[in-house]
Amino acid sequence: MKINWFKYAATINFYALAGRVIPFFWVAAVILITIGLYWGFFKTPDSLDNGMKEYYRIIFVHLGSVWMAMWLYIMMVFWALVGLVFNTKLSYMMASATSITGALLTVVALATGAIWGKTSWGTWWDWDPKLTTFLILLFIYIGYIALQSAIDDTRRSDKASAVLALVGLALVPVIYSAVNCPDPTQCSSLHQESSMKNIEPNIMKGIIFTTLGFWMYSFATILMRVRNIILQRERNTNWVSKLKEVN
Amino acid sequence: MLSAFWLVLKRDLLLALRRRSEIFTVLFFFLVVISLFPLGVGTEDKTLKQIAPGVVWIAALLASTLALERLFSSDYVDGTLEQLALAPQSMSVMVLAKMVAHWLLTGLPLVLISPLVGLFYHLPSHSIGVMMMVLLIGTPILSMIGAIGAALTLGLRGGGVLVSLLVLPFYLPVMVYGSGAIATSMQQGLSLQPYFMVLGAFALLAIVFSPLATAAALRISLE
Amino acid sequence: MKLEAKNLQCTRGDRELFSDLSFSLEKSQLMMLEGQNGSGKTTLLRALCGLYEPDEGEILWQGKSIKKLDEAYRRELFYLGHLNAIKPDLTVLENLRFNTLLAGDSVTDEALMQALGTIGLFAFEDFPASQLSQGQKRRVSLARLLVSKANLWILDEPFVALDIAAVELLQSIIAKHVEEGGMVILTTHQEVPLTRGKIKRLSLSGGSIKEQVGVNA
Amino acid sequence: MLSAFWLVLKRDLLLALRRRSEIFTVLFFFLVVISLFPLGVGTEDKTLKQIAPGVVWIAALLASTLALERLFSSDYVDGTLEQLALAPQSMSVMVLAKMVAHWLLTGLPLVLISPLVGLFYHLPSHSIGVMMMVLLIGTPILSMIGAIGAALTLGLRGGGVLVSLLVLPFYLPVMVYGSGAIATSMQQGLSLQPYFMVLGAFALLAIVFSPLATAAALRISLE
Amino acid sequence: MKLEAKNLQCTRGDRELFSDLSFSLEKSQLMMLEGQNGSGKTTLLRALCGLYEPDEGEILWQGKSIKKLDEAYRRELFYLGHLNAIKPDLTVLENLRFNTLLAGDSVTDEALMQALGTIGLFAFEDFPASQLSQGQKRRVSLARLLVSKANLWILDEPFVALDIAAVELLQSIIAKHVEEGGMVILTTHQEVPLTRGKIKRLSLSGGSIKEQVGVNA
């Protein structure tokens, strides 16, 4: 059978390139998260003035995962759109790999938040807008993943989930405003007071390190997943069967 | 183009008339959900009034979801959908016709029966009017968003549950503003206009975009 | 009128069904698509209709891409696949009427009744389609051929489930269409003895693609 | 006879495993429905506790109903049901296997995840236990009653009104006693035994009669 | 072994399909059921399986009513209708295994693999059935014939969707079964050239019922 080398060029190169950079992302992730956590545990005051207790330290994980979960959703939609517009297989694979890391980090955000809630409010869960928004973000991630895994045909599953992502892109802001501002007469005053300003600069440094660490972790896992997807989808092509790691 | 719209609409209504059961299933389900809460919650007047707006909308959401799976799947299984896709007409027009039929068969009956909810939950007559109005604007949005999900999941195992999983989070804004309007109507002196504006805007957006998205999704599913 | 396929390639899952497939079909020609089970006949037909996008290559109608032509191409097209597009809850006549109107052919009920009579379903028009036998359902969907104004017919195993009389009838309907300047592409595992018209044969078997042209068998 | 039971059960579970996502889909669907209510009805602590029993049962009913449609219809459409009817084994045994599979795939996951509902709705831990118990007894009844309806709808074209009329009213007592038990458990000093007795009696009746009725209905539908 | 039909009458809707139909079939006999579309072939076959109850008359196996025999009769029976009973989500082998076990034939996986090879699906055993073509699906359900221990085969248009090679293979499988003392009843609109075995022909066309007996065509 004639092999169209050009057709696979993109994936072949990407596969090799990703394989080379993944270790660096892992190293960076481990270093950054370690620094962040070390900072959080040992370089920040034991108890803060306004009565916070030791458990505030979970914020180093909580906030990083919260930010990355939201950012990864945007990345996922972006890749899906690129796939729909240019019909490039690689970007569909990126979207699919991103969705899983994104969903995981959403779960981490919810779990750390819940633990924090149990210690500070005495209840695991409350129907606060911020938390609710995140729960719904999780549902949307899950919907995307569920649709993708329900379809066997890769062509169809790529395109169908991309359409879903596109619909999500249009609807997520609407959902966000509905959850945060159920009464439209008061929507003009809708600006989530980011309590970021209240966070001590000292703590903030730790948070920035862990967030960057999560970012590197996301890169690493997403690239690994894409490599797996490539292998799986092109397992019958010549170039894959020549790979060392397959044989 | 218009002729294709009428053609599909008429056929779907005719099919439903041949098989009246579906309409009744949706209505029954709506009523079961509505009547279960007073049984569980107790019949205190204040509590009933408080939960009524939410319950109506949730019942409408769930009832609409229940009927979604059948929107395209029977046409898919017997090959009619292929023929729709091959007809020399714009697919989104025909899809719109199917959405309209779906709404006439599942949304409209809910609007018409909703005064019964007012009765069960001791709502003031003013609020009953508001409830019917918001349902009238909101249920078509449900049908239209739902159609996208139904098209995406065509022919997949676990279709019914999967569709609901995809679609229910997207229904949220309609529910929030829809039930918000009913709740507000029970308080004195508050304007309902903002609610209707928001819902109206949603409806307009849905009419413009959902037939296109659904038609695209159907073509993908047919490959 | 001319249908051209240029360098088509279709892959399903991991298997390449065919690649670099080119052919053309003109007025008054019938193309028989041959091949073993699973060789890709149905896939090719769906690609020719625009229901399936080939991985590579393009399909042209009158020199223009069918993707660009879109509705204009579909107006010229009649496709019948494995599925009959018959609604069990509608009567025979209602089914036929809906399907013809949908295809853009506006035909009177008398013409439809006549078509039903020709195809051997006289007096069945008010029968619910759910009560038809397999072959009768197939006949209902084939009745559309008698009133269709489409030039290009694409038929996937049209003879399935038909009895001997109906097979002969359908053969004559196809022959007449080709004679009158139409184009037909069909797959079948049975021979189709045409009395007139040019026949092309395209064989997909075993990965090799052969095109034979011959004036009739 | 037992071998036919295991054969069908194993196949149905295998089919579900092929799409592991399907089980998760049911779970997440349940969660989505559960979390819709507070957003629509209100998040006050007292309201949440009051609506919880009804919500759980409605979500369970819906998950069960949505999955029911597929119980026999896919086997019917592809001809497997014919082969089941022609197998040299008792049809009701195989039908029971299908019901068990359906429950394992849609009922059991709900029972297992229901403590999350307790979390969302701030239920006392005692009530969470009761909720799991009644779901454990009640969801099989839903599967079994639903199966009869699903079998009847297979054949009856246009005559399905009767079915929805028949099945929903039968679901209702299960829901009323099921949610009643949960609500009662939140009050001090009331005995739950009567609720469990009634539900247990329902379950027994269902196990004895529904496989027979379903098998008979399937044979009728196949004619 | 003997299958007897006595004074069968079937009415569907308002139409009487056949009445007073009697025939018998014995060891090493093949019965071809002929008739136009809608003449009642499928209905008769389903009645012979016990899936459809005739309005009048009775069907006897070894002199006993099949309704009384119930499971014992079904053990002797292999029926394949228009539908293939193939689950898209299972692999080819899993489908075959389930269907044979269900019919009460306990066969090893090797035997099943061999059957798949014979029927032309070598190396397809782990393919999900959803990815098979129409004809390949039909082949999977026909593979059961190769391992079935049933005496009476009832086949409703078994040749549909098969390519020429597969049709020939199936013909030889049927011939072998008849030769070895089995019984086959089948409908087809194609001729079945058997090389050995006794053929009976029952024609349902036009309300008239004819039974011809002949040793082979």
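Here the chain labels run A, B, C, D and E in written order, and each chain numbers its own residues starting at 1.
Quick note on the criterion: a residue touches a chain if its C-beta (ideal position, glycine included) is under 8 Å from a C-beta of that chain, and two chains touch if they have at least 3 such contacts.
This one's a predicted model, so the numbers in the text were calculated from it and none came from an experiment.
Chains B-D form the pair joined by the most contacting C-beta pairs. Relative to chain E, the most remote chain by averaged C-alpha coordinates is A. Here the spacing of chain A and chain E, counted between their Cα centres, is 56 Å.
As a whole-number value, the distance joining the C-alpha centres of chain C and chain E reads 30 Å.
Here the spacing of chain B and chain C, counted between their Cα centres, is 38 Å. Chain C and chain D have Cα centroids lying 46 Å from one another. Counting partner chains per residue, chain B shows two or more touched chains at residues 18-19, 77, 157-158, 162, 165, 168-169, 172, 176, 223.
Residue positions of chain C with contacts to 2 or more other chains are 13, 82, 88-89. Residue numbers of chain A whose C-beta contacts span two or more other chains: 139, 142, 146, 150, 153, 179.
Only residues 136, 139-140, 142-143, 146-147, 150-151, 153, 155-156, 159-160, 163-164, 166-168, 170-171, 174-175, 177-179, 182-185 of chain A touch chain B when the two sit together in their complex. Of all residues in chain D, only 3-4, 7-8, 11, 14-15, 18-19, 74, 77-80, 82-90, 222-223 touch chain E in the complex they form.
On chain E, the positions that touch chain C within their shared complex are 12-13, 35-38, 42, 82, 120, 131-136, 138-139, 157, 160-167, 189-190. Those residues of chain B that touch chain D in the complex are listed here as 18-22, 24-25, 28-29, 32-33, 36-37, 39-42, 47, 50-51, 53-55, 57-58, 61-62, 65-66, 69, 77, 157-162, 164-165, 168-169, 172, 175-176, 179. Partner chain D is touched in their complex by these residues of chain E: 49-53, 71-72, 74-75, 77, 79, 81-90, 94, 98-99, 101-104.
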